[in-house]
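A short worksheet on the structure shown next.
The letters A, B, C and D name the chains in turn, as written, and every chain counts its residues from 1.
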Amino acid sequence: MTDRRGALLDLRCEVCEANKELAERGLARFTFGNASAIDRESGVVVIKPSGVPYDAMTPAQMVVVDMKGDVVEGSLRPSSDLATHLELYRAFDRIGGVVHTHSHYATVWAQSQREIPCLGTTHADYFHGAIPLTAHLSADDIQSEYEANTGREIVRRLAGIDPLRMPAVLVAGHASFCWGESVGAAVETADLLEEVARMAYATLTLNTNADAIPAALLDKHFLRKHGPAAYYGQGKS
Amino acid sequence: MTDRRGALLDLRCEVCEANKELAERGLARFTFGNASAIDRESGVVVIKPSGVPYDAMTPAQMVVVDMKGDVVEGSLRPSSDLATHLELYRAFDRIGGVVHTHSHYATVWAQSQREIPCLGTTHADYFHGAIPLTAHLSADDIQSEYEANTGREIVRRLAGIDPLRMPAVLVAGHASFCWGESVGAAVETADLLEEVARMAYATLTLNTNADAIPAALLDKHFLRKHGPAAYYGQGKS
Amino acid sequence: MTDRRGALLDLRCEVCEANKELAERGLARFTFGNASAIDRESGVVVIKPSGVPYDAMTPAQMVVVDMKGDVVEGSLRPSSDLATHLELYRAFDRIGGVVHTHSHYATVWAQSQREIPCLGTTHADYFHGAIPLTAHLSADDIQSEYEANTGREIVRRLAGIDPLRMPAVLVAGHASFCWGESVGAAVETADLLEEVARMAYATLTLNTNADAIPAALLDKHFLRKHGPAAYYGQGKS
Amino acid sequence: MTDRRGALLDLRCEVCEANKELAERGLARFTFGNASAIDRESGVVVIKPSGVPYDAMTPAQMVVVDMKGDVVEGSLRPSSDLATHLELYRAFDRIGGVVHTHSHYATVWAQSQREIPCLGTTHADYFHGAIPLTAHLSADDIQSEYEANTGREIVRRLAGIDPLRMPAVLVAGHASFCWGESVGAAVETADLLEEVARMAYATLTLNTNADAIPAALLDKHFLRKHGPAAYYGQGKS
């Protein structure tokens, strides 16, 4: 097996595992979610097939597509959200994985059409500020190239923001997309987003006037975990 | 065994399994729910016996009744909601199964006496618009033929709506009824309704002014999964 | 073994089992709950010992007391809520078991100092009207004979109500007491009360103006399950 | 092995076990929490290492530090919240263990920047009054010695309060700290705080005007479980 084919096989396994984890962590019931990863060197994306249940999913079922979305390997149809994933990979060149879920509380915020304010250090530890929300697409943008337009709208909303400091977005009336350096990191982020969204829901239903934390506290918590001055954890060897 | 008797035996198994699933999926605690299926050819309905716990239920305990509700086979009394099921089978001639549960959030909406607006794509993927709510019955309609009148009120409320595009209803002050081409499909719909009801509850307690999604987005999501132009999933072979 | 001693031994087992079930059904965490049963013939009550964890509890640890609360059998101290149980047994002569829990939603209603209105048929199937709430005790009634006074206040609140049609009460700022013909029935009622309290919580946070169901619907549901004209379930053989 | 070294080894096991329990009881997901214990005789503190997952944690990984926070034993970096723990041990000389978690409802109250009022006897059984909330730190106090300043602010807030009658605090915009005579007691308190916080959340979202219970009831419940006149449980032998 060539190195290229070996790398792709490993990526199929990673993507399959990531999709199964969405179900195991309670982030995706039914078929409400999909995960993908990119192999930047060969320019292909590995993604979940459409409408296939998580528990019986195997690496061989994953679909490999090129950057135009054409299937390169695999006999199943790719996730119907593929075009959204591709837009994100094109725009954010340091990300290696994308995850879309309808996890409960993140979806509730998307449905409420509100950004998730940074109400506490749990949020600040992982996301550098409020979780952004996209605008609704026009009827035209929904009727034609809906999934690609969803991706373009996300990219527009993230303009001027480092996607690794803000690795999540809420799509109005729909649900969330998360990303990261790997598909595993994107799954972890989707799980953290759900936790943060759940805390923010209860905080604002308890106190509708609850304020975002001060900027100094946001920076302190984000930067003690991320970037060159981080002192949380055991460091990287 | 004749084909007719074989088909009926299979239907008993399906209905028993569907009732057990209501408990296993957390949609019915205690004896709060019942599922039935119809054999259109022979004009009989198979339904759960009244007040029997789910875990010890067997196919032989299912009750077979004719369209007047008279027991054709079985030694137990049928579900007290039988007459409601029969009204639905009479009015909606393409459905094969009916499910009634007191699942938590769907019941909360029925108790709140509010329709569930379509607040997001999770809802739009399965239900083409707001989940309808019946009006309260009059005292007379409660005192006499209560269960049949409940069914008639549901049918009245669904007038002009395709029951396969809107396979669920909320009965005011009571709970939900769901249906589908098979009893298994009706169970799946009951589970999806509960999920959608739970998301809508949290959305409106977070933002009491949250709007229904635009019609274009509702159509896009419903129609990418249902009908001749669907492109979600792997198609039907 | 005499019949009397045999009956008492069986009652110890029933009470022990009922206490364990409070934990297993999620109605009592830590040591937040206690169950008792009465042997009307010999005039003794069997009750949980105070502060003993549920998982290691055995029938031999149950405490047998007379109607004055004096220990007749057993080396452990009885539940600190014993005097409340005794008041209920004295006032409601057709009940055989009493259960006290701090189950989540029932306690939330008690803390909110609101009766639970009958918002739906799930409630009406088991409780004939709103779940009553006691008034706060005076400081004097708290400082002296607190537990007996709690029982007396419950009895006062239930004046004119059939305790088998309304087998539960909320004690203001505290939690719930339930009862029934047996201790097993009282546990089932505590579980149903929690379910009803949870539904009513979500109903009123979703729609603060939600109304109680009409009297005709309340009667219909209660009476199709209870009393001489009941037609729910398989009847009593 | 000397007695000193044996005691320290036992403390490592206790602290490791306490950290694992935070995860097992659902109080800490990801790496959201840390527990420590102090050996008053030798003046050392045993604490969780930073950023290590709970399930694979072993006693040998625990970090032993002196009261200045310098590592005495262990090859891993201590929890980044160490300096907060040390301030609490210095100020509250009768406590033996400290626990910090981001458990859901306690964190929601901290984010809401509200004290948890004593709304019922479940609360009064364990905490003698409202759970206090700290003020936000200044930007200066965040930028320099953030963790120690957090501890100092907690100590300031607890001035005049017996820390064993009020063994918990909410840090504004952050989460809770709990303590007790041992690290095991502190874990139990963290669990009880979460339960109380969850009940208070639902109580106030149901009835925004719910009042704290009368002082006589608070005293009755706290004192029947704690102090010289306690009559709950089986006493101490």
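Observations on the model:
Here, a residue touches a chain if its C-beta (ideal position, glycine included) is under 8 Å from a C-beta of that chain, and two chains touch if they have at least 3 such contacts.
Source: prediction; values computed, not measured.
Each chain's centre was taken as the mean of its CA atoms, and the one lying most distant from chain C is A. In the contact between chain B and chain C, the residue numbers used by both copies make up under half of all numbers at that interface. Centre-to-centre separation between chain C and chain D, using Cα means, comes to 34 Å. The centroid of the Cα atoms in chain A and the matching centroid in chain C are 48 Å apart. If you average the CA atoms of chain B and of chain C, the two centres end up 34 Å from each other. Residue positions 205 of chain C each touch two or more of the other chains.
If you sketch which chains touch which, the chains form one closed loop in which each chain touches exactly two neighbours.
The touching residues of chain B, counted against chain A in their complex, run 119-122, 191-192, 195, 198-200, 202-203, 205-207, 210-211, 213-214, 216-217, 220, 224, 231-235.
If you check the complex, the residues on chain D that touch chain A are 29-30, 32, 49-52, 76-77, 80, 102, 104-105, 107-114, 136-137, 139, 142-143, 146, 173-175, 201, 204-205.
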